[in-house]
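Can you read through this structure? Questions will come right after.
Which chain is which? They are A, B, C and D, in the order written, and residues in each are numbered from 1.
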Amino acid sequence: MRLEMGTFPITEATFGPRTELDGTRLVIDHDELAALVLENGFFRRVRIEIVSPGESARIIHLLDAIEPRIKVEGPGETFPGFLGSVETVGEGRTHRLGGVAVMQSAEIPGRGKGGLLMVREGIVDMTGPGAAYSPFSQTINIVLTLELEPNFSDEEYDRTIRLAGLKAARYLARTTVDRRAPQYRTYDLTISCPALPRVVYVHQIQSQGTFARTFFYGKPLDHLIPTLVHPNELLDGALVSGNYAYQSMKTPTWLHGNNPVIEQLYDRHGRDWNFVGVILSRGHFYGISEKQHSANHVAKLARMWNADGAMITWEGGGNSIIEAMLTIQALERAGIKTTAISYELGGADGTGTPLLLYSVPEADALVSCGTYERPLRLPSVKRVVGGRTIRCDPAKGGHHLPAHQSLQLDTSLQMYCGTNQVGFGRRRGIDF
Amino acid sequence: MQLDVGTFPINSIVFDHHTRLDGDTLRINRHELIQMIQEDPCIERAEIELAIPGESTRIIHVCDAIEPRIKVSGPGVCYPGLMGPVDTVGRGVTHRLGGMAVVLSAEYPRLIETGVGAAHEAILDMSGPGALGPIAHTLNLVLVLALASGYSQGDYNRAVQLAGLKVAHRLAQTTEGKAPPLRRRYELTPVDTTLPKVVYISQFYTQLNLPAPYLTWYGMYITDWMPLWVHPNEILDGALIPGAVGGDAVRPSSWEYVNNPIIARLYEAHGEALAFLGVIVHRTRFEVFEEKQLSANQAAKLAKLMGADGAIVTWIGAGNAFIEGMLTVQALEREGIKTVFMTYEHGGQEGWEAPLMFTVPEADAIISVGSLDRAITLPAVERVIGGDELCLDPEASGERVPAAGELRLPWRLPIASGIDHWGFGRLTCIEY
Amino acid sequence: MAKVMEASGIPVALITALTTLAKDVGAPRIVQGVRIPHPCGNPALPSDRDRAVRRRIVMMALKALQTSVVNPTSFVDPSVLI
Amino acid sequence: MTSPIRIVHYVNQFFGGIGGEERADTELLIREHPVGPGVGIARALGERGRIVATLIGGDNYFTERMDVARSAALEAIERYRPDVVIAGPAFNAGRYGMACGEVCKAVTETLRIPSVTAMSPHNPAVSLYRRSTYILPTGESAASMPHILPRLTAFAHRLAIGDAIGPAEREGYMPRGIRGIILDERSAAQRAAEMLKAKLTGEPYQTEIPVEVFQPVSPAAPLQDLTTATIALVTTSGLVPRGNPDGFKSMNESRWATYPVKHLDALAPDEWEPIHGGYDARFARENPNRVVPLDVLRELENEGVIGRLHADLIVTVGVGTPVEVCQRMGEEIVDELHRANVSAAIFTSN
């Protein structure tokens, strides 16, 4: 599988008479895009706003973040299963708008639910101390604020909101069709020097149900048993996120397509190692034998694939770390050298122990991506996008705070991707 | 993964005071086994009978046939997840009793009247035209189980299956500490890289939300899984076996799973004519076409990632599940993988009708293993094990007929292992 | 917390679906629960049998409380597992 | 150039030139000039500051009469208004290490004056005091004195002028058990890739998150007689009366509560709700007894299988709760259970 990725770096986005690409400036026809979003009739209104890096702005009620991509050559379409057939993707040529994210923001009725399967607050601050928590403080964000028609089911809201975002992303990417991209990069797993060690990426995602789900070719991964996929499939949007359970630990669609670990493994392919593929697995099973089996199966796949090394990341918290740790254990016992990226605990002041809810002695090469447990104070901002108030502690019934004011958060669980574990960020824990 | 399978050929089974292996004679303490079985509250009464190939004997209400296998060294247990933990199997030493099977006979109360969940009658004739499958030619220790009332189909399934597995395990224990007369090593050793690389795609149908699983993998209910790359040795150790609700013609028995002749043949050819890459366990019978297409595409992609030049595809079941079979052949050929497909035919009672329900142009190399549709008459027999009456068509008439008499079957579905999905035999269909 | 209580002389039967985890952290008396979201029941079953499963697990817990242990020990009634 | 800093330096009777073991009972002495290692410190310090006082205490005096010694030291140090306190180096001397640690801990906690000491990583005082002050690692014996004094002085100077002290591994002090969050130069993915490369090529690498090894406990004695036992139900499943009266958080909860269940035969779905943020709550909402088996325990109480079911259900929310919070809650709950003469507990956890 050989995929050529053409990047059109975007430095500015504005509204204008017609949607087009003017050098590195993305011009958007507001009404045409709005019409596209409203087409399916589940939304009463959509408000489209452009938020740029460096602005004193806060985006709230954030759901998914999607990078505009489109297939210009080769089989299938980007975001297969949602925008196209389930034809296997990862070959040919794909175009992307670099540095842009399409986001949906909406207040989905909480229905007084507790537990995991509910939408929780997601915040991006474009400047200030909150900015370091999210890759989206560095992107030009096209935010679709959706006002929902009442009385639809969670599943209906979930699906239509996702489709709106994906359609908008493809719509914007269309501006690149029959243009030559300023930069092209080829992604190909061909092995030039067989002597190098073989390395796999174990990508453990979260998928338990509505609002805490990941899709592969449009199919929910709730019943995933670890399987081997080609990294190029992910670059073409085969993985789409529907996970809003804990916004700090989630991996949005944008990151599935720009996974920093895959980027690293490709960068060093043929130099430090041979990148031989991705093992997709699911965490947060409810029974210990399912957890153990999932870990065993990952290790067995890696062994059958003659892997010498593995990198593992996992989505979600608590419970999901058990599969991840059992997987590290199984891999190491199979003689496969493993490193992992994990967030840590440590309590409000950093003196709490243990740093990990569950760990195995074999996990001797962990990289920290920070913690959600420290309190965080966000300064007031000039502009708020996605709503007026922030709903905290939905489990407690939720209390609303004016979103533009400075916010004192007792954890950073609401910071969008704040402890996401695919490793885009530079925040880390260290001993003092 | 290196697995040594030691075979102890059994030429006679006799009832005795102690259960032990005496040369090629298996001596069995019937009462010990019966007590062991009757520990389960779901089983009201158990009897044990012996059925010898060639004798005029008919076993009815056949649920499954299990080969006694035991892990004597190496990780895990045989029939993992059901008989022990989910540790990955396929390594070490496994002992088997050759030429015999533990056959389960139980008539399920019709808790589920119709549809895919319903138990179907399955008949096993030890001689005559009905002696079609391999388990008609093994020494069969038949467990006749009377089920206690008041439990669910799931409970009965578990009880019946565990009875069979426990007895099989107990019998295999007689080989411990003995040197097997026959020994064979199964290992996917690195071979001449110029040999064509071949993968075996074994399709199995299952169904979500049934009270009792059609199929389990390490004891786990197989739900809507994507294709699974597994090591053939795992199958030899019983990681994949069917449930025990009914062993009609399109549901191969556990005995056939662990003795799959295609795996045996590919191992023989490994390093000689070809390089055996492994097995893809492929769940079929999805209920949405998109899912059928996706699973077919993913199987083909997996084969491609594994570097396959050729593939053998087999399927089990009827109707619906056949579609994935064909779609998979198509996807494989489109990936440039030369594919051989094995299937039974329909063709009606005389053979005039269309042999296959659905085809794709790419399916240009099909092996026929006979027909399901041809009518067959089973002559009267001297002895029936498992009851006196049976009901061939519960959905329609529900009429019960004497089991010992002549049975005119409009097709072969009610014959246990009546279809040779995996090519044990030489039966085929040719055009006249 | 179970550990603290045990250390203070109160025997504690810890019912959890994640017995391995409990073993690793050193809880002395571990009882196999059904699944994480419902350690003491099986929603897949009709309510009377759901309750029967619960009773089985509690009986196992009582057995654990009456058993003297040295190292983390798990008490499993296989019939309650799905 | 900052103004010269004021240092108070603590040494034991040996390094204070009073004498060896025979003088280990020496009570606190004060010299208003550098003594022993202090001379080296003063030299390293040069114009940047001076040792305004040296406190000398006998090893036994300090460790056997710690309260007296501590307050004497504090009283003296307060008088000299130092910008920083240096103690030791104590190398591998156990009692001396204790004294150094205790002096530093006291000045930092009560006088809010920064402090630093130095000793061998194997000194037993390290585990006792590393959380309370900065400890620089030394060799086992005074042979490493010339090497440690300049570092000790430089570190003390930075503390005195209020320099921000970075992570342990970069600054060279022994970790104080505090996890700080910093911005690394490289992304986590980059660091993970480099760590993997090192691991594959057999080069050294250092995990960023050391994994915990849990301490086993000595289990309680088993129940002798169920029929006379009082059994309590304790749960971390976050099952609370409808409306969540105590406003429990769905994660990181550090409180627990008791709810009366004396007159209940079962937990009714319309009266109880799970607010735990870590598991799929549908099943518990349908039937709360699936997470807290009150119904069957009441049944067993009525059947006389168990003596009594404790009158209250004890609840907290177990998601991402730090160990010492659990420890603390555990101790509080234990008191509660002892008060109520509870003989055993059934503890459910999701």
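The criterion applied here is as follows: a contact is a pair of C-beta atoms (placed from the backbone, for glycine too) under 8 Å apart; a residue touches a chain by one contact, two chains touch by 3 or more.
Source: prediction; values computed, not measured.
Remark: the per-chain Cα centre closest to the mean position of all protein Cα atoms belongs to A. Inter-chain contacts peak for the pair A-D. The chain with its CA mean position farthest from that of chain D is B.
Averaged C-alpha coordinates put the centre of chain C at 31 Å from the centre of chain D.
The geometric centre of chain A is 37 Å away from that of chain C, both derived from CA atoms. The mean-CA centres of chain A and chain B are about 42 angstrom from one another, to the nearest whole unit. Listed for chain A are residues 286, 289, 292, 319, each touching two or more other chains. Shared interface positions of chain C, i.e. residues touching 2 or more other chains, are given as 17, 24, 36-37.
Residue positions of chain D touching 2 or more other chains: 214, 279-282, 284.
Residues of chain D touching chain A in their complex: 131, 165-169, 175-193, 195-197, 199-200, 205, 207-214, 238, 244, 247-252, 273-282, 284-285, 319-320, 322-325.
Contact residues on chain A toward chain C in their complex (touch as defined above): 286-289, 291-292, 319, 322, 358.
Chain B meets chain A in the complex at residues 1, 81, 85-88, 217-220, 223-231, 234, 278, 290-291, 293-294, 297-298, 300-302, 304-305, 331. Only residues 1, 81, 85-88, 216-219, 223-225, 227-230, 233, 277, 289-290, 292-293, 296-297, 299-301, 303-304 of chain A touch chain B when the two sit together in their complex.
Listing the residues of chain A that touch chain D in their complex gives 113-117, 132, 197, 199, 208-209, 246, 260-261, 263-265, 267-268, 272-273, 286, 308-311, 317-319, 337-342, 344-347, 349-357, 359-361, 363-371, 373-374, 393-397, 410-411, 413, 421-432.
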